[in-house]
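So, here come the structures, one by one.
The same subunit A turns up in both complexes below, where it pairs with subunit B and then with subunit C.
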Partner chain A sequence: MKDMNAEPMLEVRDVVHKYGPVTALSHVSLSAAKGEFLTILGSSGSGKTTMLRVISGLETPTSVSCLRIGGESVVGVPAARRRCTTVFQNYALFPHMTVVENVAYGLKIRKVPTGDALKEAQRALAMVQLEAKADRNIRQLSGGERQRVALARAVVTKPAVLLLDEPLGALDERLRQDMQLELMDLQRKLDMTFVYITHSQEEALTMSDRVVLMRHGRIEQSGEPLDLFDHPVSRFAADFMGYENILDGRLVRRDGAVGEIDLGGGAVVRGKLISTDLAVGSPVSIALRAERLSPVGPGGNGIDGTMKSKVYRGKYTDIVMETVAGALRMRSWHGAPMENETASRVGWKETDAVIFAKGSV
Partner chain B sequence: MSDLSVLPAPETDAKLEISFSPLWKTAGKWLGLGMLGLIYFPLLWLVLLSISRDPLSGIPGPFSLEHYRALFASDAWHMPMVASILIGLIIGLISAVTATVIGRAVPKMHRPGKMLVMFVLPLFVPGMSMGAALFIFARSVLGFDLGFWSIAVGHYVWALPYALLIVLVVTLRFDQSLIEAGRDLGASDWQIFRDIEFPILMPGIVSAGLFGFLMSFNEVMRTIFLRGTAETMPVWNWVQAAAQQSQVPIIFSLSSIILVLTLPLLAGTFWLLFAKLNKTS
Partner chain C sequence: MNTEMENVSSAPMQATIAKRSKITLSFSQVALAAIMLAWFVVVIVPLIILFVYSFFTTEYFQTVFTPSLDTWTGLFASGRFEVTLRTLRVALTVTMIELVVGFPFALWLAKSTISKSSRAIFLALLTIPFFLDLSSRTIVWRAILGQNGLINTILLSTGVIDSPVEWMLYSEFAVHFGMIPALFPPMVLPIYMAISLIDDSLIEASNDLGATPAQTFWRVIFPLALPGVVAGFVFTLGPALAAWVEPGMLGGGFVNLLSSSIESAYTALRYPVVAALSTFVIALLLVLLAVLLLVLRRFGASGLTLR
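Entry: the complex of A and B
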């Protein structure tokens, strides 16, 4: 675990940014410790890219009360003089320079003697397994290789914070998974603070030490990946983190961390409460992952229903159960044995269901 | 309509048959070759006549370089040549610079379409009208004495739209995110221009300059209106050729030399613009 008490490498407090009448960032604060892998997760329009541009200095925020990189305040400091570099989504490699010239450019600007700069650049290229292609033209590289060059170019100047703007977005599935592992490896080796932007919850969960989920220019939830995965605090967070079933009801009883909610139609189910300040009687939602549901006998925590459809998908079987609270999606990993079964009740462990306040969508 | 296979094949139309006859392909090929001949044969003939003893006979040979000797012995063409080269260089340089300034701004403009149309329009304005208009403008409005500088103004107006169109080929393709990348890596605005933007735009800027030079060097129509008593190379050539005097044979030599020097320049322009450019982006 990272030492969160050390002075943060990145500290942003209360940033507001408006594009004309549109508010892209509304009082957002975040920080990242040295060597931390922080992911800003969100769909397009959530403000995550604006956040990155504000940090890098390519965008000047409407207002910000504190913006520090590597311990120095960079409010009003132009992008060129901030100790952070960016790996751009489209790579933005210089087409008229060779691979090694691209990587060495940041060093050249910092007046590093040419010989040393090229040596450093070669070392950075070796780190991304591209030393053999140092003298190639950018056009001769594949998408994945360009990605690595962009990465080498950004880390070679040893920034306090490395910003990555959906860097794997343009790569195919297989390459993306390989690059995820490589990025994590690189980040650990360099012990550098990474701020990674993505819309993919899978990338966020795989790589990050901490995830910040953004929505409409605000932070919806932040925490460790497991936290977001298992304890979404709102319908939006649950939906974004891949909860297939979200049912609305009313909290009827609470017993420590366990709540009991009435879904209507006589169905009363249990799950764990995300927040302790939910009052009995208040409207809540319960979120359930399809793979944590299973057919149960009568009486257990769950809800009665009838099987509506069953689709065999090889590794697993997707089942839709019709219940009084609406359709419930269930995923069974048992494969063939499930095939001939029917179920009349679907249930789950109390700790596998989360209950949060029913907010606006 | 129960069984399509029993439907009779449609009657072939005799007229359609003719319009797709292989004859057209052959005819097109030979017509094309003929037209190419019409374009290039006179040029070749000119060069052949320039090295003939009696060019006015129209038949090449017997060959000799005496007209070239006469050309280099005479100095009557020196001043027009110097004037043309000088104006050409000035116009090439200024067109390249202004076209670059305007061309860099166009991609950032909200809706540059109208302005661009206005820029391209002069290419279709008759040279005579433009010449007459500039004649009045230079003399009465700017108060220029007609001569070197009024010719330069006319040539500038003529060459700039071409230069701009050429520069736009590179500026519109320029990826603005490269500037952000440069800034992100710590480069100052000047360093970004010097190291990133200019090298990428360079083929277009140089082509624009070369083309501006050629447009100015070859211009006659506007020059006639604006020249006062000054003479440029093509105007001098034209006057001499029209005068039906003994000087005429050396015109052939001079024109040949200009042709041989101009063609590589033009080829260079297009090579820069298309072959070289594709390697850098």
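Entry: the complex of A and C
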């Protein structure tokens, strides 16, 4: 856990941004401490990229009450004079410069003597294991290498905040996983504040200290990765966090943090309540992860059903159960007892299911 | 077993593929040869003939087909040197003005936030000069710039001047003035194309890394637009060196350029002189281009992306 008492490196309060009649950001606030890895997660059109552009200064927000980077207010300050740099989605490397010239660009702009600038650039390249390719042309690099050059170019000027706009989007699966680890490593080494934009919940959960989930220009939920993973506050958050099963019902009883909901058709199930202010009788939804479901005997917390399909996928088997509340997807790991049996009831631990207000989709 | 079968079946297939690619290869070779031959016949051969002609002489309005250097040695007699200098001066001045005005315009057209439709309108406007014959467009200026022309009439009637301004027509000013609108599109369009190809994110990245607009311009935009600048230079300087409509119509015989010399030699049926002068103009263009490329390479080695 980072020291949250120190002055935040990045502080944004109440930013509103409109593109004509479209509201891209609606009263969004967030902050990041020094050395924190903050991820802004959202699907396309959620406003996450606009948020990044507002922070970097490439976009001027319609209104903002406070925007501070490294302790200085940057409202009205042009992008060039903000202590933050961006790693662009397509890397945006200058094609007419060599690798080392690209990295030294920010230093040359700051009138650092050429010799020193090149030395610094070499050091930054060494940090991303590319010192051997310093004199290469950008065109001679692979996607992953370009990614690293962009990274080196952005950190060489020692910004207070580094903004990363889906930097791993264009890389293949394997490389992406390697780069995730490298990015985390680099962030720790530099002790720099990273604001990372992504639409991949897996990236967000792997790398971040804190995740901000955005939707329609608003913050849907924010917290530590585990918090978002295990305690989604809404249907949208649960869906985004990969909950395969979300069933609607009505809260019939509450017992501390455990709630009991009626799914209709006589099915009454239990799960963990996300919020304490859910009144008995209010419409709620319950979210269940496929891999947390298992066959249970009669009487346990769960729901009756019949097996509809079973697809073997190697490491696991996907099973679809037809129940009174709709189809339930269940995942059974290879070798688990469920694999070769049929089941007539699926169940789960109360703490594995989350209940939240139904709300709009 | 399975793999064996695959091997068996893939062998003849590979042969077919090889055969097919051989055919396409030879076809493209033929096409290439044909295009090169056509280009050679249509463009290169006339130039060679032109060059060869410059080594003949004229006697009594007849071309004498005996090789000699007389035409070349006599070329710079009778003030031709002065004419050459004037031609270079006019052509380079016009090209530089086009570049200085055209580059910002092209940048604005390609990268400003104007709507797609206004951009289309401006591009369409740029093509208008290609619709109308150059002489027709040029002759209009006489009615505007002349002693009794539109501008003088307005200035006289409003009392700004007492006697008509005379330097506006039949002067070097008028020749420049006539050439600039005619040669604006050839300078702007290639630069516009080159700037359009610059990814906006490069400009944003430069900005993001701390560069002022001026630094972004000189370190990112201009180097990346250089191929367009070079093309614009060729398309403007060539016609400017060879221009004869504007000097003829707006120079009124006071502005003698190489083109005027070519024309009078042509009228006098002195074809070897025409040939020598034309060769000379082409040579001038090539020399100027070589100088331009050397200068560019020197001033921004990594900036020159002509590859």
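Throughout what follows, the second predicted complex is superposed on the first by the 355 of 361 C-alpha atoms of A that agree within 3 Å, B and C clash if a C-alpha of one lies under 4 Å from a C-alpha of the other, contacts with A are read in each partner's own complex, and residues count from 1 in each chain.
Note that in this section contacts are C-beta pairs under 8 Å (C-beta built on N, C-alpha and C of every residue); 3 or more make two chains touch, one makes a residue touch a chain.
Keep in mind it's a predicted model, so treat the numbers as computed, not measured.
After superposition onto subunit A, partners subunit B and subunit C are found to clash with each other. Shared-chain residue A:190: touches no atom of subunit B or subunit C. When the two structures are aligned on the shared chain, A:86 is found in touch with subunit B and with subunit C. Of the two partner chains, subunit C is the only one touched by A:98; subunit B is not.
Of the two partner chains placed around the shared chain by superposition, neither subunit B nor subunit C is touched by A:77. Residues 56-58, 78-81, 85-86, 88, 90, 92-96, 105-106, 109-110, 153-154, 157 of subunit A are contacted both by subunit B in one complex and by subunit C in the other. For subunit B in complex with subunit A, the touching residues are 175, 177-178, 180-188, 191, 195-196, 199-200, 279-281. Note for the complex: subunit A touches subunit B at residues 56-58, 78-81, 85-86, 88, 90, 92-96, 105-106, 109-110, 137, 139, 153-154, 157. For subunit A in complex with subunit C, the residues that touch the partner chain are 56-58, 78-81, 85-86, 88-90, 92-98, 101, 105-106, 109-110, 153-154, 157. On subunit C, the positions that touch subunit A within their shared complex are 199, 201-202, 204-212, 215, 219-220, 223-224, 302-303, 305.
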